[in-house]
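One chain, subunit A, appears in both complexes that follow, with subunit B as partner in the first and subunit C in the second.
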Partner chain A sequence: MREITLSKAVNEAIAEEMRRDPTIILMGEDVAEAGTPFKVLSGLVEEFGPERILDTPISEPGFTGIAVGAAMTGMRPIVDLMFGDFLFLVMDQLCNQAAKTHYMSGGKLSVPMVLRTNMGATRRSAAQHSQSLHALVAHIPGLKVAMPSSAYEAKGLLKTAIRDNNPVVIFEDKLMYQDKAGVPEEEYLIPFGEAKVLREGRDITFVATSSMRQVAEKAAETLSAEGIEAEIIDPRTIVPLDEATILASVRKTGRAIVVDEGHQSFGVTAEIAARIAEKAFYYLDAPVGRMGAMDVPVPFSPALEDLTVPTPERLAERARATLRGEPVHAA
Partner chain B sequence: MSLSETAAPARPENAATYLRLYRQMAKIRAFEDNANELYLSGKMPGLTHMYSGQEAVAVGICEALTKDDKITSTHRGHGHCVAKGAEFKEMFCELLGKAEGYCRGKGGSMHIADQDNGNLGANAIVGGSAGIATGAALAAKRLGTQGVSVCFFGDGALGQGLLYEVMNMAALWKLPVIYACENNLYGEYTKVEEMAAGALAARAKAFGIETHEVDGQDVLAVNRLAEDLVERARKGEGPFFVVLHTYRYHGHHVGDINRTYYRSKEEEADWKANRDPITNFGKWLVAEKIATPEELGQLGEDVAREAKAAVDYALAAPYPPADEVDMHVYVAA
Partner chain C sequence: MPHDVLMPQLGMAQDAGLIVAWHKAPGEAVAADDVLMEVETDKATMEVPAGRDGVLALIRAEAGTEVPVGDVIAIIAADAAEAARVADTKDGASTGSAASVADASKAASVAEAPAPAEKSAGHAPSAPVGNGASGAAASTGNGASAPAVPRPAAPAAGADRRILASPKARRAAAERGIDLAALVAAGATEPILYETVRTAPEPAATPAPAAAAAVAAASILTADAGRSAFDALLADADPAPPRARALAAFAAGAWRAATGAASVTVGCADLAGSPASLADADRAGLTRLADLADADGPADLALVDLTGSRLTHYRPAAGGTTLTITGGEAFALSLAFDEARLPLPLAARFLDDLARRLEDPIRQLL
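This part shows the complex of A and B:
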């Protein structure tokens, strides 16, 4: 299979869908000629023209709101939000408007839009350009949330998101844009709510979202050399969440650590750990572990920033401690 | 038109002020040359946005402020920081994420702040400081400090709704705030006329705010206007809105090297050759016999040496210790 970057995978997904469906438009800052600061959308304006690839002013709440209205009246807009951190600017349009419209209208109106944005620290971009805010939107009923962990997932999930009749927020890890993975030439979609077992193992389950997949895979390799076999589950979408696959794995291994790059408190690790504790408690041999980003704003200094995110070393150590039956201390 | 033609004759009693304006601009240019070099040589973590070309704006305005007056700055904030009185050493330490930086390495280039000199901080959210500057003006008014605040922002920030909300309140409440819109013709990779419909200044006029436009490459013109507006703001005649026409020499950020797809090399060369705020002001100083070319050359060398020494210091300085990572999330007491 050919290998392409995550950036290219996103670009292909949008181009294929736009060719198929003329109601799809894309809006955001510097998305046309510039192709975004990450160059993810290069070439789209050349193919689809400025009527469908709309460069906006730096007006995030404005163009997100415009997308909501256009989605309610026959278009399928894709909003490009340059940094996930700017979600805080668009929260009203996304959470009070897009998320609730279908419900509030008794099912009569719908908002088929996609908001693409990013997440991920360690790029030395400091506290307002490094956050992983997916838990905030996952908290709001009415929004679906996808978190691709490779180029393959990025393409398949985005195509599904574009065809979904609900507002979908998709988080790409900005440090993974140049990472390559096998992506088939033929068309494929990845259904929402279907986790993927990335690695089978008998001793412990790692539930890992987005780039934490790479952390889990490295930790699992290290552990394997020591005779510990970790199973890795990538939920792929956190709303809807494929509980069944996660629970089946934990029932087999009896131990689990959930790894996610959002802040650890009140986030994805807490939600998934709670579901495991609620629904697989009697299969557990140890408390469910959690590793999220430290509960601090992301510091600029490399000396500090690297301490705030889960690493393969810390995950492996945490897994060993879990297997030794040691009590778990908050990370 | 060059500055030496438009400016009124120099007033010898102002010689020290003129030289200070020149020196402050030269300091910013030297700081940015070194910051750019740190990026190009791979010694600086992350990216940074250069202020080179816009020096007359920050210096002309900040020289009209007292140390206690407040400013809020932007992602392109090194110039504002220097102009408000910051030291090179602490600034370079911050850019490199070192413990002795103004923010102990936690903020970096895009969040550099200098509380002691009234710089409430750079901001990585476009338009994000409009509320902060206006709030500082409200506080100055309520506390009776006579303080004035200046909100620096780029043309791109005119897209942000927050700005209009706070300008409306500033006008209703007659707050001592000056909105300084640095129109450098581009927001990232897009021309201002593709982002802002209508006239820039008309936005503030709609709120009944007195507005001005000034050549942002002419430090004397900027400074004269700023002195007047700051004094009037102190007397309760604010708010004011100023559009400063200027230009950034580098890319949007240091990594934006191939940029001919959005602006031409000829345009860049023209601004640098004919409208450089430092060169033109230097010519005027010489023509008006305030300084000799040798003196200006010497000043430039001094400033460059100072910047280089600060860079060397910052490169050798230690990173913050690991236990600072969860310090400062909450105020201790």
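This part shows the complex of A and C:
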């Protein structure tokens, strides 16, 4: 199978869908000639023209509101939010309008809109351009949330998101745009709510979202050399969440650590850990572990920034402690 | 057997009852239908029958006290003699564990009872004067001047202590009928994890009761293990098993390991002369040894516990070969056996294995 970057996979997904469906438009800052700061959308304006690839002013609430209205009235807009941190600017459009319109109109209106944005620290972009805010929108009923963990997932999930008749927020890790993975030439979709077992193991389950997949895979390799076999589950979408696959794995291994790059407190790790504790309690041989980003603004100092996110070394050490049955004191 | 009279539950939501009056006095004969006492709940006052023929031995909750449902409030004995015996033990603790458990919970509830009133009183100042419920609650306490009520101390490690075990380990233990307390008594560390339960021996079915077998068998083991790790293990076990029976359990484990026997019966006795014959005692769990019924059939091994005496070993008149192992001052083991029936290598392996188990009791589990 050919290998392409995550950036190229996103570009392909949008191009293929735009060729298939003329109602799809894309709008955002620097999306046309610039092709976004990460060059994800390069070439699209040349193929589809400035009427469908719309450069907007620096006005996130404005263009997101336009997209919600366009979606209600027959278009299928893709909003490009340059940094996930800008979600705070579009909360009303996204959470009060897009998420609730179908419900409040008694099903007469729907909002088939995709908001593409990013997450991920360690790019030295400081506190306002490094956050992973997916838990914020996952909290709101009416929004679906996808978190691709590789180029393969990025393409398949984005195509499914574009075809969904309800608002979807998709988070790409900005550190992964140049990471390559096998992506088939032929068309494929990845259904929402279907987790993927990335690695099978008998001793402990790692539930890992987005780039934490790479952390989990490296930790699992280290542990395997020590005789500890970790199973890795990538939920792929956190809303809807594939509980069944996660629970089946935990019932087998009896131990779990949930790894996610959002802040640990009140985040995705807490939600998934709670569901495991509620629904697989009598299968647990150890407390469910959580590893999220430290509960601090992301530091600009590279030395400090690297300390705030989960690493393979820390995950492996946490797994060893869990297997030894040691009580957990780490935050 | 003395009968515990419990505070009855007279209403669905009732969690305590006030004893208004006792209609019988200790020492008085009662019939099952006799009114024993009057109990007042928040709904009604009711007369409660004794429920049992006998003699009222003692009353544990005086009239005028409020008692949680299910607590022991009196004991009815079968006859006057038993009543006297129960009364002699003062609080009737000898009637069984229910009484002592009730004691503990009563003590806790008594200590906690004033807390709600204190809390209500604390809120009262913000409520309008004359407001029904709040006013009534406030009148039961005196706001800030109410003395602080000490919380009952956390339960010490003991009878009611909850053993720490993972949910998976707890479930597996319940499914296999394994007593977590026995695992702890046998040296398992807490929290107990699934692996410990998985590798624990299956508990043996309780053998049919039989007459206590005399300590007589082809091989005779004498043991003095007063200062070993085994002894420390017994000190931690709750309830502590009789030492001779615990030694028998360890000996059975070592015997099984050395000889590969499918079942092991060990006759045992200590110097106080309480003989027993135990089948597969190594699989029973330490805390249940005291209740293990006597086994049928001849013993494979006879054990005499010399702990606490100055004797080191004894050799029966019939003689045979003797092997001895001492572990410093910690323990001394001596085995007298007939080589025609127990070959020397097996005997040596057995005695060696037993010594290792006494030194490191975790081996008994593995």
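FYI, the second predicted complex is superposed on the first by the 330 of 331 C-alpha atoms of A that agree within 3 Å, B and C clash if a C-alpha of one lies under 4 Å from a C-alpha of the other, contacts with A are read in each partner's own complex, and residues count from 1 in each chain.
We adopt the following convention: a residue touches a chain if its C-beta (ideal position, glycine included) is under 8 Å from a C-beta of that chain, and two chains touch if they have at least 3 such contacts.
Computed from a predicted structure; not experimentally measured.
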Return fit or clash for subunit B versus subunit C, each positioned on subunit A through the superposition. fit
Using the touch definition from the top, say if A:313 reaches subunit B (first), subunit C (second), both or neither. neither
Note, angle between subunit B and subunit C viewed from the Cα centre of subunit A, nearest 10 degrees, works out at 120
Just checking: does A:254 make contact with subunit B only, subunit C only, both, or neither of them? Give me first, second, both or neither. second
Based on the superposed arrangement, let me know which partner A:59 touches: subunit B (first), subunit C (second), both, or neither? first
Classify the contacts of A:283 with the two partner chains as first (subunit B alone), second (subunit C alone), both, or neither. second
Partner touching more residues of subunit A, whether subunit B or subunit C: B
For A:325, is the partner it touches subunit B (first), subunit C (second), both, or none of the two (neither)? second
With both complexes superposed on chain A, which partner does A:3 reach: first (subunit B), second (subunit C), both or neither? neither
Regarding the shared-chain residue A:92, is it in contact with subunit B (first), subunit C (second), both, or neither? neither
Taking the superposition as given, does A:127 touch the first partner, subunit B, the second, subunit C, both, or neither? first
Just how close are subunit B and subunit C at their nearest CA atoms in the overlay, in Å? 30
Residues of subunit A at both interfaces, subunit B in one complex, subunit C in the other: none
Can you tell me which positions in subunit B touch subunit A when the two form their complex? 45-47, 97-98, 103-111, 123-128, 156-161, 187-190, 194-196, 261-262, 319-320, 322, 324-326, 329
Contact footprint of subunit B on subunit A as seen in their complex: 29-30, 33-34, 37, 55-59, 61-62, 85-86, 89, 123-129, 294-297, 299-304, 307-308
How about subunit A: which of its residues touch subunit C in the complex? 254, 281-286, 325
In their shared complex, at which residues does subunit C touch subunit A? 166-171, 191, 193-195
